[in-house]
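What follows is a set of notes on a single structure, which appears directly below.
A, B, C and D are the chain letters, set down in written order, and residue numbers restart from 1 in every chain.
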Amino acid sequence: MTTPALSIHGLKKNFGPAEIIRGVDLDIAPGERHAIIGPNGAGKSTLFNLISGGYHPTSGSVKLNGQEIGGVKPYAINRMGLSRSFQVSNIFSNMTVRENVRCGVLYSMGYGYSFWRNVGNLKEVQEKTAEILNSVGLLDKASLPAALLPYADQRTLEIAITIAGGADVILLDEPTAGMSHSETERAVALIKRATEGKTLIIVEHDMGVVFGMADRISVLVYGEIIATGKPEEIRGDPRVREAYLGDEADEHAEGGAA
Amino acid sequence: MNNPIAQSVANLAPTGGQKFRQRVLPLIILAIIVVAIPFFGPSRTVYALLSVMGINIVFALSYNMLLGRGGLLSFGHAVYFGLGGYAAMHAMRAIEYADGGFWAGFPVFGLPIIGFAGGALAGAIIGWPSCRRAGTPFAMISLGVAELIAAAGFMFNSIFGGEEGISGDRMNGPELFGLSMGPVSDVYWFIAFWLVVGVGGMYAFTRTPLGKMSEATRDNPERVEFVGYDPQRVRYLVFIFAGAFAGMAGGMAAVYFEIFTPEAVSLLPSGFVLLMAYIGGIAYFAGPVIGAIVLTYMQSMLSDFTEAWLLYLGLLFMLIVMYAPRGLAGIIFGVTGSFSNGTFSEMIGKWLQQLAGAFLAFLGLIVLIEVSVNWSNGFGEVFEPFGLHLTFANPLTWVLIVVPLALGILILRRANRETEEVLA
Amino acid sequence: METIIFSLLNGVIYGLLLFMLSSGLTLIFSMMGVLNFAHASFYMLGAYFAYTISGVSSFWLALIFAPILVGLIGAAVEKWGLRTVHANGHVAELLFTFGLAYIIDEIVKIVYGRNAVDYRVPELLDFPLFELFGAQYPAYRIFILFISVGMLIALWFILNRTRAGLIIQAALTHPHMVGSLGHNVPRIFMTVFGAGCALAGLAGVIGGNYLVTDPAMAVQMGPIVFVVVVVGGLGSLAGAFLAAMILGLLQTFAVAIDATFADIFGFLGLSQTSEVGSITIASLAPMLPFLMLVIVLMIRPRGLLGDREL
Amino acid sequence: MKLMKSAALAAAFGFVAMGASAETLKIGFIDPLSGPFGPSGDAAMKHWMYAAEQVNKAGGINGAEVEIIAYDNKVNPKESLIQFQKAIDRGVRIIAQGNGSSVASALIDAVDKHNKRNPGDEVIYLNFAAVDPSFTNDRCSFYHFRFDSHAEMKMNAVTDWIAARPEIKKVYVIGQDYSFGQANAKAADAMIKAKRPDIEIVGNELHPMGKVKDFTPYIQKIMQAEADAVITGNWGADMVLLIKAAIASGHEVPYLTFYGGSLGAATAIGKDGVGQLYQISEVNTNLETTPEQNALIDGYEAAYHDSYYYHRVFNAMTMLDEAAEKAGTNNVVEIAKQLEGATLDTGYGTITMRAEDHQILQPLFMSVFSDNVTRGVEGLPLGWTSGDADRIEADATAMPTSCKMERPE
């Protein structure tokens, strides 16, 4: 078997006395599209933060292409080829769309912290930026300030920044949250196209999206993965149904506070 | 560019003409103004003011690399101005007493380079612990460091020269461009040269990958981490550059004043550079330039008219913070912007109202402040504009205070209410 | 021995004065996130108002009314000034108070003149209370001690035993929660800001005659107050108390040490006559707070007892 | 103020250089008029203006009316240099400055450089309060005249006073930790050892300037050292707080200060300082003197509602007047030549502008703060007084100088 793109073993995370991630094991093969689902408060975002460097694991290991990344700084993980998006749009709102994507491109093109070059004259950066803008369909809005974009376009821009650095492992955190049905369809098509040949890990609430896109699905409940498998296996798993439906009922009662 | 997509995005970017108008033209205009001034035969006062403005423009712009572009509020930026200036000052003395060797061949004209290096070094050392955090912790560390350096300024006489500082003579070493550096007009050319270099350099910096990422870090440090950048490293590098350009301004000041005293590293100039940048407008590159010009004039000339100039300065600052957070540049660009997008005719009525209101309110305030100041001094003098004899006992005084003030505020409120109605 | 006892007494009193001055800022800062640069200016106002009031009536009335007056001014500043800039973020608020400090200073100079005013200790307390190792100990210092401890108890009572206090405590630790509890947030902010300023005013009333009442007093006290608040930690009055005490004691004790750098680092070959070697610990005493500020922010950004980072 | 404003208006709007006119002799007063040191500069300015009024009443200097043009330098050396350029533009060729040795140092340098670079258009500098000894020693200049006794001379007078009092056995020296305080500390130590080897210097302390809020710990140290007298060069809040802390701790020994009489100090310290606070100065208003001098003091205090403090300003103005009349011209180089070695009989004795270093030699008085005075200060029933034994003659204040004066042809 080839080295998994991402390999998680015995991962735990405590916040004080509260155990949020209680031992996660997961291997994701290169090129796989993997979805993580689970009720609110299951620890999905925490898991993402542990993988991408936002949090330090309490114990356990996270390996990216065989290299340990648990506790490594986010920018270092990013440079190793892992990139993520955020649940709430996390873009550079004072910049134009083009500049936003360019921020995502710069480091990977080797321009890091350079202060002797004019960004306007970096031809390959311009080309790469244009290519990405084109691929996500934001080319005609490139000169708009990002803050003025409609919501769905901001979500698209979020994805564009995420893939801009050319990372081969992509983590998307609820990319279609808050989108209308038609917007969601377009977003799914975009994600499929943009992550062609890459490893994709996605957290999503919209089951249509999950089952339509994922090669495999993991179900995270109370900080543990209770099931991993192909979509049809998960659909039929009674434990999943129980955990999921039971919790969804609670969620309605609580009023859906995130 | 053989890639059609790249071609189309290139079209979206500003055209060559736009780039020229927005980026290169202002610099050329600046250079022309700077070159043209001496032909009007300015007096010593004008030369002095212009030179100090030049120094302060570079200083304020370097500050804005932190505050405006990097989102880092510093209360100790004068430390780098001062240390750079001291480095240049020591170098000037080395040139004066040089006996062959490196310094004998170093022109005084080039001292801002030494200042630049000194400021960068200081920034690199002090920035290392300071830049780990942004926001309030950064501001507080800068305050603490500034206090410590200011105290050290009075302790280490070999570096800072004690209370009287160290002085030198700029008329030494090899001459450059045929400038003896003696007369103020020679020094003017020196300041002008480095002003253009400094402004150009700092503008160019905003266009570099690091400059862009500094803005990105200001807006969203979290996201920056996830596109491969270490925000601490970005801040640290920007901090070094800000220190370096402040040091360059210090080097210019060393040559102009030929003296540096520990007061230069104290909290006062650090506060003053903050005022310059903020009043000018930190959101615009030109903002600190405007702020430096206005405040330098206020500092050196307004004190001739009124000893309450600090109060006026404070009031101006408060008004900007409360009602025009984009600063003087924001107001100016608001007006010029309305020409280009055709809203000028709609807005002009409101602006005139606001202007009239502000003018009246200001008039009342001036009478109040001036009469108060004269009353406070209490040595027989009263405020006597236009032959009026105003004291607190004179009812006319109160009329002149209350009527314009009330009228002005009323007009201002009306103007603002109208805009709100229009918006609603 | 004498040195230790004296330093202890003086350190505690200085620390209490510092705490009185900074407790208000801790409240304001923790809840509103506003690092009020003008806080020491309110301290100065307290002293000047007390001077005026005790001039026309008595010190005892000033003790009550001067802080109230300062508190009202503080509340007004919050309502008509700070609230306007609140939308522009914390930096704008910080700058607002920065400008406010400028203006209060200038107005005080116009109204009260630019020299010190003759605000002195009331006759009733102007006597040596006891003699310690040949030096007299003024009664007024012990009075400061009592007032500070009294304030400490009152503050503790209000925060722990009243409804308003409990809301404030909740807001201290969870500033974002207060709105969702259904309380009128602007009013709470105004009250806290006013109360914080009143505490600074009280410090001014009892500190102004103990030290000097002049227009420079705000500038002199300003940065120290920040040190107390930051070192103490966000949201922690106990932390502020601890920090004020440490600073008070540290400064008084350092003064009593005659050693120079050369004495301490002599083994490194530092000579007594060199510039660094001849610096004494005593002469560094007033710099210690800022050293502490920088070090705490670098290695422990949440302060001594703070519950969250700045 | 009025003079200053109208002139300033002209300068600001005209923006052109104006030559010196024959009818007026302009003195550029460059001192702080705003900010924390505003009061000191303001008081000095009033003295200069009153002195000018007196000279003008008597027909001016060589027929020219004296005009004081005030420039606010915010005690900032750099700002002072800008104001200096403004003053030159306005036709000022005589500048007066006092507050802050850092400013004085910058101005001496600037005046020298200006005179070197603009021959024929010289400027002279009347220093009335900056007391760094170096200004009339190794840094002396032909264009600089000091009308105040410098720090070492004052320390010399203080130590003379101590030496004459056998009851003083232990002395404590405390000062601000910067060049002035450090120089004082050294001078006090050397002078006392030379004059009274039996006196023990029980402490020589430097504290950071303007940072100490509570001096009680220092006072405790002084008390434990059992000092019989304390010498301090402290000024401003550092002086006031030190004395207040001493009073509060009941430390009743003489505190010999340089600046105990500075503006606002009497108010801040109050009646508790009586008999304990001393200052060394060229005057106190309760000294026995001529009716003319008394009339001058009364006239000044009535006109400006302010205490008479800068006696040396009147000395400077009178000596300037006499030197100019003697030279027969208002050309400042000629005036400077006449000022060298000039003497003046004042209400308190004869003073001399020593030719070799341009340092004034004047009698000094050790005055004590008292509640039994005819003339109070700052509107209080408190003031300064001294006896016959407290007078240090002008000759006795003289110190050797290392000055090597370079004179113009």
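The criterion applied here is as follows: a residue touches a chain if its C-beta (ideal position, glycine included) is under 8 Å from a C-beta of that chain, and two chains touch if they have at least 3 such contacts.
Small disclaimer: the values here were computed from a predicted structure and weren't measured.
Enquirer: As a test of understanding: of all chains, whose mean C-alpha position lies farthest from that of chain D?
Expert: For chain D, the chain whose C-alpha mean is farthest off is A.
Enquirer: Which chain has its C-alpha centre closest to the mean of all protein C-alpha atoms shown?
Expert: Going by the distance between chain centres and the overall C-alpha centre, it is B.
Enquirer: Distance-wise, how many Å sit between the C-alpha centres of chain A and chain D, to the nearest whole number?
Expert: Result: the chain centres lie 74 Å from each other.
Enquirer: I'd like to verify one number: the distance from the centre of chain A to the centre of chain B, where each centre is the average of its C-alpha atoms, in whole angstrom.
Expert: Chain centroid spacing, chain A to chain B, equals 43 Å.
Enquirer: Taking the mean of the C-alpha atoms as each chain's centre, how many Å separate chain C from chain D?
Expert: For chain C versus chain D, the centre distance works out to 36 Å.
Enquirer: Hunt down the residues of chain D that sit against at least two other chains at once, touch-wise.
Expert: Those would be 38, 42, 177, 208, 211.
Enquirer: Mark out which residues of chain C touch at least two other chains, giving numbers and ranges.
Expert: 109, 283, 286-287 - these are the residues of chain C that touch more than one other chain.
Enquirer: List, in ascending order, every residue of chain A touching at least 2 other chains.
Expert: Counting only residues that touch two or more other chains, chain A contributes none.
Enquirer: Every touching chain pair, please?
Expert: Final set of chain pairs in contact is A-B, B-C, B-D, C-D.
Enquirer: Enumerate the contact residues on chain C facing chain B in the complex.
Expert: Going by the criterion above, the answer is residues 33, 35, 81, 84-85, 88, 90-92, 94-96, 98-100, 102-103, 105-107, 109-111, 113, 223, 226-227, 230, 275-276, 279, 283, 286-287, 290-291, 293-294, 297-298, 301, 309-310.
Enquirer: Which residues of chain D touch chain C in the complex?
Expert: Touching chain C from chain D are residues 36, 38-39, 42, 177, 205-208, 210-214, 216-221, 223-224, 236-237, 240-241, 244, 248-251, 263-265, 267-268, 270, 378, 380.
Enquirer: Tell me, which parts of chain B touch chain A in their complex?
Expert: Chain B reaches chain A through residues 1, 3, 5-6, 8-10, 12-13, 19, 204-205, 207-213, 215-216, 219-220, 222-230, 233-234, 237, 241.
Enquirer: In the complex, go through chain A and note every residue touching chain B.
Expert: 52-53, 73-75, 78-79, 83-84, 86, 90-95, 98-99, 102-104, 106-108, 111-120, 122-123, 126-127, 129-131, 133-134, 139, 142-143, 161-162, 164-165
Enquirer: Under the touch definition given earlier, write down the residues of chain B that touch chain C in their complex.
Expert: 73, 129, 132-133, 135-137, 139-141, 143-145, 147-148, 151, 155-158, 267, 271, 274, 278, 308, 310-311, 313-315, 317-318, 321-323, 325, 369, 372-373, 376
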